[in-house]
Each structure stands twice: as structure tokens, then as C-alpha cells.
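Got a structure for you, written out below as C-alpha cells; questions coming shortly.
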Amino acid sequence: MNELELQALLPFMVLAASSLVVILLIAFRLSHTVIQISGFMMMCLTVICMWLVRDTLPREIPPLLVIDGFAAFTTGLIVFVVLAVGLFSYIYFEEREENPKEYYILLFLATLGAAVLTVSKHFISLFIGLEILSISLYGLIGYLRNRNNAVEAGLKYLMLAALTSAFLLFGMALVYLETGSMDFAVIGRHVQSSGFSVLMILGIGILLVAVGFKLAFVPFHLWAADVYQGAPPPVTAFIATASKIGVFSVLLRFGQSLGLQNEQLLQGIFSFIAIASMIVGNLLALRQQNIKRLLAYSSIAHFGYLLVAFLPGNDNGETAALFYLLSYSVTLLCAFGIITIMSGTKQDAESVSFYQGLFWKQPILAVVLSVAMLSLAGIPLTAGFPAKFMVLASGVEDSRWIPVLVLVATSVIGLYYYLRVIGILFEKPEEETAATKVLHPFFYYATYTSLTVLMLAICWLGLFPGNVIDGIRQLLQLE
Amino acid sequence: MILIWLIILQLGAGILSWLLSKRDNRLAAGIALTAVIACLLLTIQLFARFRPSFAGGGQWLMEYRADWIPAFGISFHLALDGLSLAMLLLTFFLGALAVLCSWKEIRQRAGFFYFNLLWTLAGITGVFLAIDLFLFYFFWEVMLIPMFFLIYIWGDTRRRYAAIKFFLFTQAGGLLMLLSILAMVIIHAGQAGRYSFDYADLLNTTLSPGTAKLIMGGYLLAFAIKLPVVPFHNWLPDAHGEAPTAGSLILAGLLLKTGAYGIIRFVITMFPEAAASVSWWAMLAGVIGIIYGAFLAYGQTDLKRLIAYTSVSHMGFVMLGAFSFSEMAMQGVVMQLLTHGISTGALFAIAGMLKERLHTRELGRMGGMWTTMPRMGGIAMLFTMASLGLPMLGNFIAEFFILMGAFQASVPLTVIASTGLVFAALYSLRMVQKVFLGPPSVENITFDLDARELVVLGALSVSIVLLGLFPQPVFDMITNVIRNLNHTYE
Amino acid sequence: MMSIQVSAVLIVAAILFVLGFIGVLTRKNILFMLISVEIMLNAAGLAFVAASAKWQQADGQVMFLFILAMAAAEVSVGLALVLQIYHQYKTLDIEKLNALKDE
Amino acid sequence: MNNLLAYIPAFPLLGFLVLSIAGRKMSKNLVALTGAGTICISAIISLVIAAGFISSPPTEGFISTSVWHWFTLSDFIVNIGLRADALSVVFIFIITFVGALIHIYSAEFMRHDEDYARFFASMNLFVCSMLLLVLADNLVLLYLGWEGVGLCSYLLIGFWFKEPTNNHAANKAFLITRIGDTAMLIGLFLIFHNLRTLNIQEILLLAPQNFSTGSSEITLIALLLLAGGMGKSAQVPLQTWLPDAMAGPSPVSALIHAATMVTAGVYLVARMNAVFALSPLAMSIVAVVGAVTLLLAGCSAMVQSDIKRILAYSTISQIGYMFLALGVGAWTAAIFHFFTHAFFKALLFLAAGVIIESLHHEHNIFRMGGLKKSMPVVFVTFLAGAAALAALPLVTAGFFSKDPILWYAFSSEKGNAWLWMTALLGAFLTAFYTTRLMIVVFWGEAKTAIGHHPGKAMIIPLIILAILSVTAGFVEWPHNMIHLTLFSDLLHQQLPEVALKPDLPAESLFQLIAALTTFAGIALGYMLYYRKTYLATSWLQSPSVAGVHNLFKSGWGFDHFYRAVFVQPFLFITRINRTDFFDRIYDGIASLNIQLNRFLSLSQNGSLRWYVVGVLAGALFIITLQLLL
């Protein structure tokens, strides 16, 4: 391993170090605020490192990792998500007066896992990243063990994740058995030379079960709503964004190296999964009264949309997918930010009716949430629109009419429940409930500011996606 | 540059009136009114400036272009021709009146109301000006959201249902249009080697007849839902019925017109052969709309729903005219857009004023209003007559031209459509009779129009009469546009 | 040493895997479910070992070590959760854990 | 003279604008002055023009002016252009002159109505529209006037809108005429489709060049135009609105539903004579429609008891005569009958108005009676009008105008004995019901006390009209009597002369038969209602007579027929479809989605083992798919 490779790995090392830092800080019995701030600093440091080492990219670190523009983008996105999640976590836990310190260890570990996924080009690193992510998530989900059925959610996630991990491993083993290598590129070459054998396809199919589970594709989606509901909102935000970004990016990389989309059968499976996810996700959300479950179902649908961009397996599709991930993450952070900030000391702000008339009480929050919902629905002026537009464009370009038409139809169904939520925000408020908050004003304002910034980011992405698209294309070295 | 100012002015004024509304509702309304009137004056000035050049010259009177998303060949491209100018005049005229209508009706959260109103208008302005298809779609959707809020927040009892229904219907069509746009862009990219969403570029795309038909279908469906064409009209009575007065006025007066505008600007221009191949069916849809809308209008017991169904009927004429491929009918269509905007807008304004006074939309609870409100009765009579196509008033010119033009294309359809005039008389007279005639009920004793309402209705009355007696300026404005259309389908 | 067909090992692994899966499906007790998952993981590990034997590489064995480590970590977290569950629900019947669901 | 033309409709329009905008604030005197004054000015201007036409006819036969340019579409140019030729001059003279008299009458008649200004505004607008109708140089403008008069008719029938029946009558009038109007509009499209113009003169010029005689297109055009005329002029089968239209104030009935608007159909057919002349079939249909109408309406008039309904049916019948004349090509005879009819029918309506007003709004003739003594002026004038209506030979205008029609119905190339006999029967009926009306109202004993007597403003128009009802016929004598044909001389500038059959019997014979028929009718009326009044009542005892009586009284059951065939089904459809059938479809889609949602929600039951089954299902799906393919 030479110096340049080490340099390229620097951000990931910082990321790994951040959990150690937190452990140390806990050992020194420092306060939540200090931990929070230092965690924030560590994440910023990661970003700075990424900036510093940008010239060394792209760089392979054989045999496990490759750090390229794609990885830089997704890792950056994950770190960005974690920055926001950290902020929400502070408010959430400060309000609950729980002991939140170890939480940050898990959070940063999970981040590391997701980040490793984005750079892995080998089954081993894939597996390691995925397990770091998963095992941290079990802890995160069940962290508030006495509330909200968190333990139940944690156990459900654990059991299913372990189960699907077994599928993942078995699939990997089959592929390894066929090709004699666990490196994506080598497998890809093998496929090019001798095509997909039955065992190979079987292996990939089984492997997909695990991926499908993590991304909550239909029919592996059943856990999503329960876990989203049971986990603390910041963790839910993390699961919905960072964890899925990591897994989706490895899927993209894997698909890209093997040319999965060229295989008729796999293509059919992907199309089917995409269609089923879009339909089932949106239909499930239709009458949902719990906003966390609603977002869970909506995320099922959204990853169905993403698969439409994945299907063509070309550069435009990839660009579209990355842009979609970006806009989706920003949007979901907004939504979960609101849920976090609205959650009281006793109960999470889960029920949709809780938000009734929010606009007339706290207009800023309501506007942020409305913008987020509109963005999820893919309405212009928000990030969701160019994202959906690009996904559609890549689908249309590849003449994948059935998924595209399903996308359109289900978007309309989806619009219904987003509008329902927005509508409730603008209803006449019920009588004033005295919501007293004793938070450090700085964090209070910081959250408001960050939510506003996120909202502006949504609008900016919606209005001027050009720069970001160009940026993504540069990172992918398409130009 | 002035084109972009028209949009920015409204967007800005919208935000301003929202922010300032905490202090004073009137201030918010004042800002809104000032902005819209400023836009109206700007547009009138444009009209005066370009009036000599309507007849000749290139396609566009004015253009503004800036890069937006270069990676996809998307630019911020606005352009003005006679058709857009006519529609803009209508937009700002009705916009100003919509603000005036809301002056007293909206007491709560007025700032946010005017914000939505202005943003809707800005979206509509954008739709009429955009000639980059991405931008067009963008504005197409942008005008929906604030409209949704207008209905959802300030609407009547069934407002939630109506608002969501409205949004879902239009969105369904919109997304199909987006697909069509994308398909077209990608085919064009295959031919020209680069992405472009520009109208002028896409016009030159060569499509196989089958593809052209499919792609056109997407556009047509979107516009047909907006127009609306039976059987895609179901959002309209609910949305119109439940919306606040200004909302109904803008919905009926302007939003529907964007559908017609789209048909003229995109469907017929970009897919002349495909449009011609379905023209008979489209005309049939128009005719069905005329008759079916009239039947439903007659059956209603709710004043605003009744007026809403008359729109379905009147927009059937637009469909009939647009697809008859005759210059005369096309002139009539544009005229119909203007006059229907004015006449139906006026009827909605009247319905709103009645609702302010009686707190009901039920026809059964009205009656004899002419006795207590002679001024309103007279004006209502005028617009009823406009709606049933009485000569002297603009609607007649429009429908006359449409029918006369369509007659060249299909005699049977035109004859059936003409019977729509009889049905129009049926529902119009029933409406007037139920509301204004008959014995006055004691509870209906109320006051006649005040000065503000008189200004609103007076302006509408004068304009509908002027359009009926001096329609030529409008025809001059659009002749060139329609000639260009003719070239494409000859 | 008797050479064993790779395919035979693979079949054994597959059988183990399916058995584990059946265990997960049929068992109501959380502990037994965890054990069944362990069986599945080990079945996968066995497949890896077989594969690496086929290619005469160490990669498969390395992977098996990772699997063991991961299984241990998973079980430790899992058992912690089981403790909590028993603490709260006084049962280990998975069917009793259904507070989170659609109404 | 050209310049004056535009002022004729302009003054009533001005009156309308002033009254509709400021009318409510003006005093009643000022309103009356504005309303009647503007019409009087118009009347004077039209008198000047008419005098000009008679004294020094313009060289081209017409005067014209273009007020402004309405619209142009490539070669289709339409102006707000007025054009007065002899035909139009006759009409504008009647419209303004009779109109002015009726306005003066109304100034007093409507004095106590709270909506005085609205009345005059509508009346002025009516006069303006009617003038535009007859002065229009193109069919679009004509159609404008055509619909305008329809609107005013609607407004004035429903003038007392607090009474729902009045509104129904108004709606009915508007709708039924609208049916005809729509047909006419389609006719216009057809004309434009073939000739590329809607200018009347150009059409008249081009039609013979473009169509062969009797071609189906020209027949269709003519029939469509005729349908418009039938609607406006209340000809069978679109006649049912006119009797109900009597719900309006009496001056309205006099002006709109007797003298002017209902004759618009006559004007249209006469105006488009070249078109009709090209289609023998259409001409025969015009004649038959007229003949049928005059008979049916005459029968109905015999049995009505409402004084205004009697007059209304009589109007329908008389217009039937005009159509008959038009149909046989006797253009000038038709117009001449219009000319005299305007006077005597307006007179009858105005006089009826006076009677009704004096008798506390009593419409039933059988509750009147004995008015000869108590209202002598009204009696005399009414008598003059009734005599003209019954066409009392030589002393009334009605004779001079109706006699040629009877004659031409037989003698014209297009006429035949059937038409003549129908017309003759109609004349008999006319004489009969006129006599009945006179006797029942003016003789016998008074059954209702008289309220107030009419003032000067009401009496003077009656007297003027009465004089005209007697004398107006003298401008045109039958050929075999005195050779004085001022009227047809004037009109022959514009309208073709009648083509007669060869070898006709002597005209005098026909005149004699007609006169005898009239007297027979009068005699029968006198018998039944003066001498042997018990006869009529005893006949009515028998069911067959009573059945016929009721059939006649209900206007031959047209109303019932239309109600059953058109109105009820329409109402039924609108009622059952009130909630919009298509909404059900979308509701269905929505509820389908909700059902699917419910169904899918079942899968989210919180059971982990069930979720494992989900994973299994997914895995099995993928694997089996692979194994199968």
C-alpha cells in the first residue's frame, strides 16, 4: 500500500477514528454537547479530508477497495446525511434526557459501514461494510429500549438482516464457486468471456435477496414500516438515507462491473421488482396515518423508481440514480428533521393528525415539510422533480416503457398521500397545545437553520440542477 | 427581458405580500393588485408596441433565452407571439379582477392567499410564454401547487376532496405529457446528436406516424384533462365549485385556457399529421363535451357546479374548433378562450358575490334576487346571454367562427354541436330563473353591488361587449400565428 | 485423503441452509430462531470453504473467518435484545411481538 | 339620407343605454321621455327616409351605410353595415311608427310599475334590435338583430318575473325560437360553405349562379332559413310559445308578439326570395306551413276564453296567411298583409290591454261583457280593428291585404285549389272568432265592474291605429277594382312580381266568395253568441264536441306532445345523471386503490415469521424464475 493509496483512504480513516474519539470522550465523561460538537467536527474533518485528497482520485486499493468519483460522491452524501442526523439526534436525545453518548459510537460506525460499501469492489469488503452497517443499526434501532417498541423493531431488523446476510453469503459463495474470484472486476471479466452460467445466476439471484432486503424492495419490504416506526426518528432518517445509499451504490457498482442489466433474466427480475415496489409501496402508503410508516412505504416506492434508473445500466441511468439519491436524501432529511423537532418528551410525532394546522402555528416547519412532501411527489420547484425527470429520461431513452408507465401511474397514486399530509398542515389548527421546549438555544436555532438550509437546498436542486448534474458527470468522468 | 420581469414581478410581489400580511390584510391585497396591474400595463404596452408588426415578420415578437441545464439542452427560453400576448392580456386582466374579488371575501391569512394567487398567475404566465418544453412543463406544474392551496385552504366544505382531485387529475395528464416530451427529445437527440428541449428544434424532428401518434397522445391527454374534455372533466366541477371566488375565476378563466393553448401550440403544431389523423375523434370528443356538459349543467342544483359544467360545454367548442383545421375555427378558438374566460369568470364572480351575501350556493335557496339587486341582476343577465352565445357579445363571435370553420370539416358533428346552443339556452335560462327571477324570498333581502364589485363586473361587461362588437384587434393579433399553423399542416 | 466432490459439499451446504431456514420459519422462540440463522450462516460458510477448495485459494477460508466474527457480533447484539425483550414482555415468543403493524 | 340611416337604430340604442345605466335614478317622466322620445325621433327619421323613397327613389334602389368594420378573416369581411331598400323601408316604418305609438301608450300603461325604466330599456333595445334585423346588409348582423329581438322578447314576456309562470313562458319562448335560430345558423354555415359570403346582396346574386333550380343544397338552405323563420314567426310546429308569451304586458304583446318581431320570419323569407325562388320544394313547404298554421291557429282561436290568447292565436293564423302568400310567390301580398296586420293587431292588443287594465286584470272574455256602453272609445277602435281582422270587405285594411292572398293562393303558378280552400276556411274561422270576441266582450251584460278609464296617452294611439286599420288598405287595391297599387309599386323595386297561371277565372268571383265567407263567419258568430247562446253550451255537452273543443283549446295538443317526447326525457336524463356517470368510474378507481391498500395492509401484520415468509417468497420467486427459464 503506497502513500497515495493511504491518502485516498484518509477520509475513511477519519471516519473510523471518529467513533474511537467518541469512545474516548465518553471515557473522560464529557457531556453530550461536547460529544455532539466533536462528532460534528470529525464529520467536517472527513469532508475536509475528502477535499484534500481529491487529486489522488480515482485510485484502486487492491484487492478490496476502489476510491473513485462515484465513491467520493456517495460517501460525501453519506457524511452529509450523518451531519444532519447528528444534529437531529442531539435535539431528540436532549429532549428525552436519555443517555445518548454511546449512540454516537454506533452512528459513526454505521456511517463507516455505509461508506465502506460505497468503495467496495470485492465481496469481502462488501460483506464487511454491510455487517458493520447492520450490526450498528441493530443497536441504533433498539437504542431507546424502553420506548416506542424500539426493541421489537430492533429484533425484527436483526433477525431479518441476519437471515438475508446468510442469503448474501450463500449467493456470494455460489458466485465464487463459479468464477474463482470475489473481485467484481474479475467476475465481470469471467462473465464477459463465458457468460452467465446457471449457478452464477442462481448465486446472483440469492445475493439479490439481501440487497433487496436492505433497500426494502418488494417482496422483501415487510420489515421497513415496522422498523421505521420503532426506531428513533434520527435513526430512521439514517436507515432511509445513508444505509440505503451505501447499499444502492454497491448494487450500482456491482451491476456496472458485471453488466447485470444485459442478462435478460436478471433484467426481468429487476423490472419486476421495480414495478412491484412502485405499486405496492405507493398503495401501502395510501391511507397510512403514521407519518413514519408513510415515509417507509414511500421509500419502498422511491427505490422502485430508482431501479428504473438502474435498469438501463448506462451512464445516464447512473447519473440519474445518483442525482435521485442526492435529492431523495436531502428531502427525507427535511421530513425526518421535522418529525424529530416536533417529537415531544413522551411521544414521537408520528400520527399525521399531530401535524394538523402546523402551518398556522409554526409556518417555517410546515413550509419545510410541505416542500419535502412536494419533492417526494416530484413536483417542480423542488429537487424531486429533476430527479424524477432524469429517472424517466433514462427509462425512456432505453425504451423501458412498462416500468416507466408504472412509474407515472404510481406517482399519481403517491401524490395523493403526499397531498394528504400537506393538506393536514394547512388545516385549521386544533386548540393550542402548550409545547414547551427547554433546549440550548444554539441547537434550537441550528436545527431551524439547518432545516431551512435543507429546504433551500431542495429548491436549489429543483431550480438549478444543472451544476449538480455537471458535477456528478465530472465525478463519474463522463465528460 | 421584459418577459422575465412579468414573471419575477408576480413572484416577488407574492412573497412580499405574504411577508407583510401580518400587519395588514389590505396591504397584501394592495401589493397583489399593484403587481398584477403593473403586469397588465406592461402587457398593454407590449400590445401597443407590437400592434403594427402583428401581420408580418418572424414567428416571435420577442424572445428571451438563457441556459438552464445545459447537460440536457434545457434553456430558460421565453418567447412572445400574438397568441401568447392575447392570453397574457387575459391573464392579467382576470388576475386583477381576481384580486379585487377577494378583497373582502378573504379575511383570514390573506397574505398567504395573495401569495398563492400571484404564484398561480406567474405559473400561468410562464406557461403562455415558455417555448422550451422542459420549462413549459415546469410552469405547467408550478401553477398547480398554489392553486391547490387556494382550493384546499380557502375553499368550501368539500374543499379537501376537490383540491386533491384537481391535483391528481392534472398531474396524471402532466406526467404523461412529460413522458411524451422526453420521448420526443430523445428521438430528436438520436437524429440531431444532442439533447434539446427547444420548441424550434423539436419541431424539426421527424417521427414515424405511429410514434408521432403515441407521443401526441401524451400531450393531448394532458391538455384534454386540463381543458377539460369529457370523460376527463370530473375534477372540474368539484374544483370550480369548492374554490374561493378568485380561485374559480382563475380556474375557469385561465387554467382551462392553458389546455387549449397547449393544444394549439404543441399538439397541432408539432404533430400535424398525427393530429389530423385523430381529428375526427377529437372533434367528436368536443361535441360530446358540448352536449354532455350542457346536460349536466342543467341538472345541477348548486350554482357554482352549474357554471362549472357550462365550462365543460364551452370547452367542447374549443376542441371542436382546434381539430377542424380551419383558419376560421382556429380564430374562433382563440376568441373563445378570451370570451369564455371573461364570461365564465364573471359568472363565478357573481356566484361568489351571491355567496358572500347568502352564504349558500344552492339554487333552491335563491330566487327573486333581481328585485333586491337590480344591478347585479342586469349584469348577470348580460353574462347569461353571453354564455348562451347571444350576438353582440364576444362568445357569439367565437362560437360562430368555430362552428362555421368546423362546418367545413365535418357537417354532422357541427350540426350536433350547434344543438349545443339550444342546450346552452336551457341551462342558462334555468340558472337565471332560479337565482334572479321568481318571487323574492324574505330571507334574501340584501344589498346591491358596491363600488368595488361594480368595478369588477363593469370591467368584465365592457370587455365582453367590446369583444363582441370590435373583435378585429384580437383577430389581427393572432392571424399570423394561425397562418404559421396553417403552413405546418398544409 | 479422500477427495470430496465440490458439488456434494455444496449440496450439503444447501441442505443445511434450507434446514436453517425452515428452523427460522417454524420456530416461535427467538433463541431458536437465532440458532437457526446461525446454521444458515454456517451453511454459507461451508459453501465458501468448498469453493475455495475448488479454486485452491485461501479467500474462501478468510471469508469463513469473517462470517464467524460477524455471527458472533450478531449474536451478541441479538442476545442483548433478547434480554431486553424478556425483561419487557416476559416471554420469548416471537408472535407476541407485534405491536408494530398496520392498523 | 345615407347618413340618417344609422341614426334610426342608434337612438333606441342610446335610449336603452341611458335607461339601463341610469334609469333607476331618473324620474318616471324622464324615463318615459327618454324611452318614447328616442323611438319617436327614429320614427320621424324613418318617415323622412320612407318619404324619400316614395318621392324620389334612390337610383340603385337602396341606401346603405357602413357603421364600422366588424371583422375580417381573409376574404370573409363583415361590417356592421346597414342597407335600406323598399322592403326594409316598409319594415322600419312599421317598427318605428307603430313602435312609437306603443311607447306612448306604454308611458301611461306602465306608469304604476316599479320597474318602469327596465320596461322602457327593454323596449328600446327591442326596437334597436328589430331595426338592425331589417336593416342588416349581411346575415351575421341580421342574426344579431334576430337574437337581440329574441332576448328582448324573453325579457319582456318575463317582465313581471316574480310570477313563476311568466318566467316559464319567457323561457319557453326563448327556447323554441332558439331551436329555429339554430337551424337558421346552420343554414348560414351552409350558405357560407357554398358561397363564401354572408352578404345578403351577394348571396342573392350568387345563389342563382351557383345552384341549379331545385338542387338539394339550395332546398336545404331554404328550409333551414325557413326553420328560423318558423321559430320566430310561430308557425307550426314551433308555434306553441306564442300563446304563452301573452304573459307579458299588453304593449309588449302588441309590439313584439303582433306587429313586429313575429313577422321577422316573413321578412327573412321575403329578403332571401331569390334563394327560395330557386327551390320549388321549399316554396311549397312554406305555403303548406302557412296554410296548416292558419287553420290550426284559427281553430284554436275559436275556443279560447282569454282575450289575449284569442288574439295570439289569431296572430299565428294571420302570419300563416303571410307565409302562405310567400309560399305561392306573392311576395308583395305577404308584406302588404304584414303592413296592415301590424296596425290592426297592435290596435287590438292595445285595446285589449285597456280593457284588461280597466277590469282589474281580468283576462277571461266571459267575465267581461257590456263594454260597448261603458267604454265607447275602446269599443269603436276595437271594432275597427276587429273588422280589419275579419277582413270586412272594402271598408277595412284587412280586406285589401287578405284578399290578394286568397286570390294568389289559387291563381299563382305555385298555388292551387287546396291552398285556396284552406285560406278560405281560415277566413271563415277568422270572421267567426272575431265576431265571438266582439259580442262576448262588448255586448251582453257587464259582469265585472270597471276600474279606471284610460287616459289620453292610451286613447290617442288607439285612435290613430284605428284610423289606419281602416284606411291603410287604400294604398293598394285589387287589380280588378281601382288601379291604385302604391304599395306594390314600391316593393317591386325589390321583390319579384307574382307569376300567375294562365286561363284563370275572374278575380271578382273569388272576391265575392271571400266576402261571402266572411259574412258567413260573422253570421255564425252572431247566431251562436248573440241569438242562440244556448246552442254552444248544449253542443258542448256531447263528448265528441267537448273533445274537439279541448283539443282546439289546448292548441292541438302540441304542448303535451312536446312535453312527453322532448321535455320529460330530457329532464329524466338530467335528473338521473345529476351526479355525473363518469364520476362513478373515477370513484371506482379510487375505491379500487383503497381496497388494494386494505389488502396489502394485511401483509403488514407485525408478525416476524410472516415477514420471513415474505423473504422466502421473494427468494423462491427469483429462484424458480431462474430455474424455469
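First chain written, first letter: the chains are A, B, C and D, and each begins at residue 1.
FYI, a residue touches a chain if its C-beta (ideal position, glycine included) is under 8 Å from a C-beta of that chain, and two chains touch if they have at least 3 such contacts.
In UniProt terms, the chains line up like this: A = NADH-quinone oxidoreductase subunit N; B = NADH dehydrogenase; C = NADH-quinone oxidoreductase subunit K; D = NADH-quinone oxidoreductase subunit L.
Here the structure is a predicted model, which is why all the values come from computation and not from measurement.
When each chain is reduced to the mean of its CA atoms, the one lying nearest the mean of all protein CA atoms is B. By number of C-beta pairs in contact, A-C leads over the other of A-C and C-D.
For the pair chain B (NADH dehydrogenase) and chain C, the distance between C-alpha centroids works out to 64 Å.
Averaged C-alpha coordinates give centres for chain A and chain C that are 26 Å from one another. Computed from the mean C-alpha positions, the centre of chain C lies at a distance of 96 Å from the centre of chain D. For the pair chain B (NADH dehydrogenase) and chain D, the distance between mean C-alpha positions equals 38 Å. Residue positions of chain A touching 2 or more other chains, listed in rising order: 155-156, 159, 163, 225-226, 284. The set of chain C residues that touch two or more partner chains comprises 21, 24, 97-103. Multi-chain contact residues, meaning those touching two or more other chains, occur in chain D at positions 601, 604, 606, 608, 612. Of all possible chain pairings, those that touch are A-B, A-C, A-D, B-D, C-D.
Touching chain B (NADH dehydrogenase) in their complex are the following residues of chain A: 360, 374, 379-381, 385-386, 389, 392-393, 396-397, 404-405, 408-409, 411-412, 415-416, 419-420, 423, 426, 464-466, 469-470, 473.
Residue ranges on chain D touching chain C, taken from their complex, read 601-602, 604-609, 612-613, 616.
By the touch criterion stated above, chain A contacts chain D in their complex at residues 155-156, 159-160, 163-164, 167, 198, 201-202, 205-206, 208-209, 212-213, 218-223, 225-226, 265, 268-269, 280, 283-284, 286-287, 413.
Within the complex, the chain C residues that touch chain A are 6, 10, 13, 17, 20-21, 24, 30, 33-34, 37, 40-41, 43-45, 47-48, 50-52, 54-55, 57, 59-60, 62-63, 66-67, 70, 73-74, 77-78, 81-82, 84-85, 88, 97-103. Contact residues on chain B (NADH dehydrogenase) toward chain A in their complex (touch as defined above): 67-72, 74, 109, 134, 137-139, 141-142, 144-145, 148-149, 152-153, 160, 163-164, 167-168, 171-172, 175-176, 178-179, 182-183, 185-186.
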